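Below, subunit A partners subunit B and then partners subunit C, in two separate complexes.
And then the complex of A and B:
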């Protein structure tokens, strides 16, 4: 029973990681870019949300309504000001630029919000749970998972069915051929990053509701997102989603074995996947 | 009379500026080794830190600038060698100065499986992968009881040596760090392997078509950089006398290596020296401003990546062709002498 409980909690934790991983999978798929400041953006949005909530007395839903458009704008700005200049074959410029951005963001947040951990008051929702067959399931983690499923499903549908999704996939597979057919890659890239960071708007609200956030936490979120993407296998948003589930379960089981082992268990599963199935558990070889 | 004469071609590899720089370099290494006789302990410690920056930055430069392997996790090998030193000297009673060299075996052995796993990751993912490896090392060290887990270890055996003896050791290690990282890279880049490495830096596919074994060379550079970073770690923590997981695997080392190399000028030894000097002076002057100082460093890194990829040395060498460490081969035509 104890392990079944860990499995359930792991899947629920995976819902959180899926929300980080989707944006990373999208950006890498389209531009072959890894945004090192991905995790710091989650933290930045969380801290902005917490400040909004405390100074205007907003509830979690209102904070989300404010954060998601803000995140979309932030992503668009990031692409226009920084990433469009560093997209290319060579991975070095984009890595260095976003690495510098991460360093600057982290320390800027440290100055504005200090090193303290904060969280978003959820009006009781964060502590509610239901008991099913002897297992307590938190209401908030279920909502997080449901939103993660909805986001993944929506993103997948958009990529497959819409005109914009086709443009994205075309730019991802061959940017020159795509631009010959009348697609403006810069515009496509800007929208992809806007969507990727926009999803982090949701993640930020949930992250600050279910636990605390501090300016230095961004690196860990980046690593979880990355591990989810690699474990799941590149090339599909569902792969990233399933990878996040595997990572969440690995961590939850690790925590049951020993509290100091939880995060490490996730890393070990990641390394095992890399050793045995480098294309990812659900990726095509 | 315009028949084609067989042309005499010679290769010029050294320049006047290079000779001057080489002489200065030798003097600097001698000066470093002789520090106990002209510097105080405080100065020696400061210079040791400077030498560590130079060596770490040059290792990162070899990886990112020449081999095309961007790593943000070299601190993994610094911490591993640092811990190996503490275990050897403190737990097993090995002479600490000898243990510095023995501890290099640990990064050497660890780098092989790390690379075999990480090289499967695509360009930018490789970088994040190296970070995961560093995190794994940190978490393992935090959980291992025989390295005293999260509490860390002290190198109290150093009490057996007088302050002067320790100063001699630190000075010799300073000289060794600079000699190995700068002198070693210079020698390596001028060798046959260096030629292959430079070809690979300019275009890996073209280099492979010319017979350069790109995969093997990348592997060798990764392992060499791991051992180099290990040496820095062992020396640094020997001087610190204390080690614990957060300090041993501090990502700050990656931050500073990236800043130094990018601002100074990537893929050049001169850039590393310029970048280190800038970082070191900035750290001494503005370090007290803490967070806002790092914001400026971060923004500068972004600006260099966006607008000045070749860094300061790239701008200088575009104007004046006077390399300090010339690695190019110039073909010089010589008139046939009767």
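And then the complex of A and C:
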């Protein structure tokens, strides 16, 4: 029962990681960019959301409604102003640029919000739970998982069915051939990053509801997103979702073995996957 | 000729320190088919890439209807009515035949390009593309892949179609099948630039030809009247000949 409970909690935790991982999978799949500032963007959006809530007395839903469009704009700007200048065959320039951005963002956030931990008041939603057959299931984690499923499903559908999705997949497959077919790669990239960061707008609200955030926390979120994407198989959205589930379950089971072992258990699973199946559990070789 | 749809004027192109083209003067009229022949490394593919905006060139080196457009990015060249069947086909792997083609339909629509090509008309030209619509492009044969690549370029509704070695690596029967589509493409009023290794095929499929050697034009003339001797001299070296 204890292990079944760990499995359930792990899947719910995976819902949070999936929300981090989706945008990273999208950016990696389309542009082969690993955005090192991914976690810092979650934290930045969380802190902005918390400030919005306290300044205007907004509830979590209203914060989300404000934050997601803001995140979309931020992503678009990030691509136009920074990443479009460094994207290309060579992965190093974008890695250096996003690493620099990560450092700059952390210091900027420290300047504005100080090193204190904050969280978003959820009006009790964060502590509500239901008991099913001896297992307590938190309402918030269930919502997080449901939103993660909806985002993954929506993103997958967008990629498969829409004009923009086809252009994205074409640019991901061969960017020069895509431009020969009339696609403007930089415009497609800007929209991809806008979507990737837009998803972080959802993640930021949930992250600051379920726990506290501080300016230096971005690194951990980046690692979880990265691990989920690698475990699942780079560049596929359902792969990233399932990778996030595997990571969540590994951490939850590790945590049951020993409370200090949880995060490490996730890293070990990540390393095992990298060593034995580098294309990811659900990726094609 | 003032009626040139597309022309180049002293076109120079380089890859870093390596100069690949030394002043190419070229023109093509509406509905005309012009072949570009020459040995490997003569600069044929480079020429097409330079025209398509895939290599940096000065703006007045390439003109469309007299307007300088050199160095325009490839997606904007598509908007202006130039499409390319690139060397090596360059299909979108992982996507189905239908989705590969729909990318072109989407973009032509977005860019406001109108023309006579539709998916159903393309399916009449190459029926196999309809049968294999849901097949991932990487599992097609070479000839079928080439048909997808040609189809993708046609669905961009081009006024000038650039074809880079569309017969390369294909069986003679498949080559005939693909070249048989050329008259219908031209009947649309589309001009076709054919880069071709097979000189005989290039001559029979085109109105005029240019022979390139080491980045320079060594022969130009009507495809029907240039002789084998002139071509072999232009192909392998010797003085510039104009017929």
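FYI, the second predicted complex is superposed on the first by the 284 of 285 C-alpha atoms of A that agree within 3 Å, B and C clash if a C-alpha of one lies under 4 Å from a C-alpha of the other, contacts with A are read in each partner's own complex, and residues count from 1 in each chain.
To be clear about the criterion, a contact is a pair of C-beta atoms (placed from the backbone, for glycine too) under 8 Å apart; a residue touches a chain by one contact, two chains touch by 3 or more.
In this text, all values refer to a predicted model and were calculated from it rather than measured experimentally.
Of the two partner chains placed around the shared chain by superposition, neither subunit B nor subunit C is touched by A:22.
After overlaying the two complexes on the shared chain, residue contacts for A:249 are found with neither subunit B nor subunit C. Of the two partner chains placed around the shared chain by superposition, neither subunit B nor subunit C is touched by A:155. Shared-chain residue A:222: touches subunit B; no touch with subunit C.
When the two structures are aligned on the shared chain, A:237 is found in touch with neither subunit B nor subunit C.
Of the two partner chains placed by superposition, only subunit C is touched by A:184; subunit B is not. The wider contact with subunit A, measured as residues touched, comes from B rather than the other of subunit B and subunit C. In the superposed pair of complexes, A:176 makes contact with subunit C only, with no contact to subunit B. By the document's definition of touching, of the two partners only subunit B reaches A:100; subunit C does not. The residues of subunit A lying in touch with subunit C in their complex are 163, 166-167, 169-170, 173-174, 176-185. Taken in their complex, subunit A has these residues touching subunit B: 28, 32-34, 36, 82, 85-86, 91-97, 99-108, 110-111, 219, 222-223, 226-227, 230, 234, 258, 260-261, 263-264, 267-268, 270-271, 274-275, 278. In the complex of the two chains, the subunit C residues touching subunit A come out as 52, 54, 73-75, 78-79, 83-84, 86, 90-95, 99-100, 102-104, 106-111, 113, 152-153, 156. Those residues of subunit B that touch subunit A in the complex are listed here as 64, 68, 70, 72, 117-118, 120-125, 127-129, 131-132, 135-136, 139-140, 142-143, 251, 255, 258, 262, 266, 290-292, 294-295, 297-306, 309.
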